[in-house]
Amino acid sequence: MACCECHHDETAIDVTVNNNHLIYSKNPKHPANVICELCRLFYTSGWCTGTGGGVSIREDGKAYIAPSGVHKERMIPSDMFVLDTDTKEYLRTPEGYKASACTPLFLDIYRIRDAGACIHTHSQNAVMCTLLFDKYFEISNIEQIKAIPKLTETGNLWYSDKLVIPILENTEREEELSDSLQQCIKENPGTTAILVRRHGIFVWGPNIWKAKVYTEALDYLLELAIKMKQFGIPTVKEK
Amino acid sequence: MACCECHHDETAIDVTVNNNHLIYSKNPKHPANVICELCRLFYTSGWCTGTGGGVSIREDGKAYIAPSGVHKERMIPSDMFVLDTDTKEYLRTPEGYKASACTPLFLDIYRIRDAGACIHTHSQNAVMCTLLFDKYFEISNIEQIKAIPKLTETGNLWYSDKLVIPILENTEREEELSDSLQQCIKENPGTTAILVRRHGIFVWGPNIWKAKVYTEALDYLLELAIKMKQFGIPTVKEK
Amino acid sequence: MACCECHHDETAIDVTVNNNHLIYSKNPKHPANVICELCRLFYTSGWCTGTGGGVSIREDGKAYIAPSGVHKERMIPSDMFVLDTDTKEYLRTPEGYKASACTPLFLDIYRIRDAGACIHTHSQNAVMCTLLFDKYFEISNIEQIKAIPKLTETGNLWYSDKLVIPILENTEREEELSDSLQQCIKENPGTTAILVRRHGIFVWGPNIWKAKVYTEALDYLLELAIKMKQFGIPTVKEK
Amino acid sequence: MACCECHHDETAIDVTVNNNHLIYSKNPKHPANVICELCRLFYTSGWCTGTGGGVSIREDGKAYIAPSGVHKERMIPSDMFVLDTDTKEYLRTPEGYKASACTPLFLDIYRIRDAGACIHTHSQNAVMCTLLFDKYFEISNIEQIKAIPKLTETGNLWYSDKLVIPILENTEREEELSDSLQQCIKENPGTTAILVRRHGIFVWGPNIWKAKVYTEALDYLLELAIKMKQFGIPTVKEK
C-alpha cells in the first residue's frame, strides 16, 4: 500500500533536515499522509477550492496543519506545518508557505474541547445556510442527524432530536475570530461544529475519522436544508 | 486484474483466523470485493457519505454486510460481517465494528423476497421525494422507468406504465423499522424498493447487479421528479 | 499506454473463437476500446446510469454497439456486438447479452446520414428540455453554440445563430421509434441530433470524436437552457 | 513521479523533429505538462467540455497554448502550440490542429498585464452571471473574496471589500474580442479577470498557480451569487 495517493516523490525528502522526520512516514495512517489524502477528497467535494478551508490533526502533543495558500488537491506531506500544542511553538515550517490563518482557531478548539482533529470548509452549503438562518442552523427528523454526537451526554442524536449549530459573525481577518469562536464553543457545549456567517464551517471531533463523519453528515444536512427551504418545507418538523 | 481497487494490503490478511477465508478472495466477483467496490462508487454519488447507507449481498446461504460506521469509500473486505441467512448467526465479526442497524431489515428482505442483494442509500433525492409525495412516489412516461421490474408478472415496466414506490414512516431507531417494512413489502408485491420518510431508500434485486440497476434507475427518477416539481410539471402524465 | 483503463484481463480473451478478433486490440483507438472508455466517462456524467443510453461506432463497414443492460462503467470490449452495416447481420454476439434496442436506430442514422458514430444518452438535461420546450429545442447567442455544425452548409453555427434541435415523441418500445426517427432526420437536414420526449437525446457525427464534442456541447446548452428558464430568461435572444 | 497523469506514450515523441523539445519534458512542472494536467482537472469541473475554454502559460519568452478543438481531458503535450511572445511567431505547430481562437486574446493579456498564465472557461456559472448582472459582476462580504488580488495596491481584497469583475459584450468571432478586451483591461486596472456575456470568463495571474486560485475562487463566487439571486439575497451587502 502506498503511503498516499498523491504520487509525490518520497525519495526526494531528506529526513535529516528541517525536522522532516515529523512529516515523513510510509504509514498511510500518519497524520501528514491522512491530511493530504483528505484534502484531495475534500477538493473534489468543492469544500476547499481556491485554496480555501483547511484540515488539522492533533496527535502526541503535536498539531499537523495544512499551510495557507496551498492547492489542496496537490498538497504533499512536506507542505505541512507542525506545532507543539502545549507551547504553541512551530516544530516544523515548510519552505515557501505561510501558516494558515486558521492556526489559532484550531489550537483554540484543541485546547477547549480536547479535540483530535479539526476540519474547516468553505462549503457553499454552509455559506448559504448562514444566509438563510439567523443565529442557529436548526434541523430535525432527518435520519442523517443520527451521525452527530450529543456531547452533553453519551451517544448521538436520535432521528427526531433537533440538531442546533450556532452561527458566528465573520470578521475581516480570520485571526480576529478567535475570541468570539472561543466564547461560542464554551456557550454551546453540545455542538461539534460552528458555522461562520458568509464564510464556512468549523467541525471537530475526538479524531480525524470522527471529524470527517461529522463534516460529511453536517454538509449533507446543510445541503438538504437549502432544498427544503426552496420548497418551503420547514427544516424543524412540528410535533 | 486486481481483486479490487481499494489498494488494501491483501498479504496482511491471515486467512486461518477469524473466519477470514469468508471475506478474502482474489476473485473480483467475490461478494466481499464487490461490496467494497460498490461502496466506493456509491460514495461518489453522495448516497452514503457520513457513513450512511449500506450494501449487502446474499450468496450460498451467507449474507455479507458492510458494518456500521464505516467510511464507505475506504471499506476493505476485512471490515465485513458475514451471517448465516438461515440461522441468522454471525459467521464472521470484524474487529472494531458494530453490525449495521440495517442487518435485520436486509434479512427481512432476503427472507420475504428471496432477494440476492440489498442496497440502502441516504440519497437526498430519496429524502426530498418523501417530503414532496404523500404515501407513494409515483411517476410515469419516462424512458428510464423501463429499467424497473414489474414483479407481479414477467418483465419490466413499459414507458407509459406508472411506477409506484411506497413510502414508509421512519422510526426513531432503524431496527424498529422491521415490522412496518415487512408489512409494506408484503402489501406491495410489485415493488422492488421502499422509500423511508426523511431517511432514504431500500432497493433489492435477485442479484447485486440487478439491485444496482434498480437503485441507479430509481435515483434518476427521484431526481427527475424533484426537477419536474420545481417547474410544476406533474410526475404522472395525464392520459 | 494501456489499451484501455478498465483493467480488464486481456489475456483471458481467446481471439480464435466467437470472432473475438473483431473486438480485441491493443490499440487504444480501436472502436471496441474507445466505446468502453467513453461509456465509463459518460457514466460519470450521469448520461447512462441504470444501464440507460448507448454508444456506437461505425468503421470499415462494421458497426460496434454496446449491448443492452450493460453497466456502462464496467463494460469491456468482449461485451460488444459487431454488425455488418450493409447486410445488418451480426458478425459477433457476446455471451449473456441481448442486442441494444437502439440498434435499428443507430443503423438508420448510419445509413441516412453516413455517420461514423452515434451517442444516445438519458441525460436529465435532455429529458427536462423536452418537458420545457414544444416541438423544437431552440437557443441562440451562447458561445458554446459554435461547437455545433450547420450541415446544410460548410462550417459550424456562429454565436448569434439559432440552434434548433427537433423533439420527437417517444414510443412504448425503442424499436418503434425507427419510422418517426428516420422521417425526422430527413425533414431536418441541418440537425446533428434529435431529442426524444421524456427519454433522452440521439447525437451523431462523422466520427466518434466529433459526436462526443456535439454531445457535450448540446448537453451544456440543454443544462444552461433549464437554468435560463428558472430565471425567466428567454433561450432565444430577441434581436 | 510520472511527468503527467495522462498515460501518454512519451517514448513515441521524437524530440529531434518539429521542435518537439519545446513540449517534451519529464519535469511535471514543465508548462506543457502542467497545461495537460489542468485541462484534465478543469474538464471534470465542466469548464471546458465540448472542447470549449483554454489554458495558456507564458515562460521564458514563450507562450504555450492548448490548440483549438482538442478534447481537454485527453490532451497530451504534443498537441501544444508554442509561440514567441515578442515576435508572436509560432515556434511549434502540432499536426492536425488549428491554433486556438483565444491566441490573440492571451497575447493581449500577456502584453498589457505582464501575466504569466491565462485560463479561459465556459463555466455555466460565468455565463449565468453575465445574464443576471448588467455591466459588472459585484459581490461583497464572502470569505472567498479574500483569494482575489487588489492589484491597484499590494495584497488581496478583504472580506467586506466589494469584488467587481467587468462584463464585456461577446462578439461573433473570438478574434473580434481583441479590441474591446484590451480596452477593458486598461480601463479596469484592478481586475484579474473579465467576464464575456453569454460566453465565459478570462482569468490571468502572475503564474499558472495564482491564475488557478483566482479561477477557482471566482467560479465559487459566481456560483454562490446565482444561489443568492435564487433566494433574493443581494450579492452586495448593505453596510
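The chains carry the letters A, B, C and D, assigned in the order they are written, with residues numbered from 1 in each.
Heads up, the rule we're going with is that a contact is a pair of C-beta atoms (placed from the backbone, for glycine too) under 8 Å apart; a residue touches a chain by one contact, two chains touch by 3 or more.
Values in this document were obtained by computation on a predicted structure and should not be read as measured data.
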### Message
Suppose you list every residue number at the subunit C-subunit D interface; are over half of them used by both chains (same) or under half (different)?
### Response
different
#### Entry: Rounded Å distance, subunit B centre to subunit D centre (Cα mean)
43
## Note on the structure
Per the C-alpha centroid definition, the whole-Å distance linking subunit A and subunit D comes out as 30
### Residues within subunit A bordering two or more other chains
230
### Query
Should the pattern of chain-chain touching be classed as line, ring, star, complete or other?
ring
### Query
Given the complex with subunit A, which residues does subunit D contribute to the contact?
1-2, 5, 41, 141-144, 147, 158-160, 209, 212-214, 216-217, 219-220, 223-224, 227-228, 230-231, 233, 237
### Query
Mind pulling up the subunit B residues that touch subunit A in the complex?
7-9, 46, 49-52, 69, 71, 73, 122, 124, 127-128, 131-132, 170-173, 196, 198-200, 226, 229-230
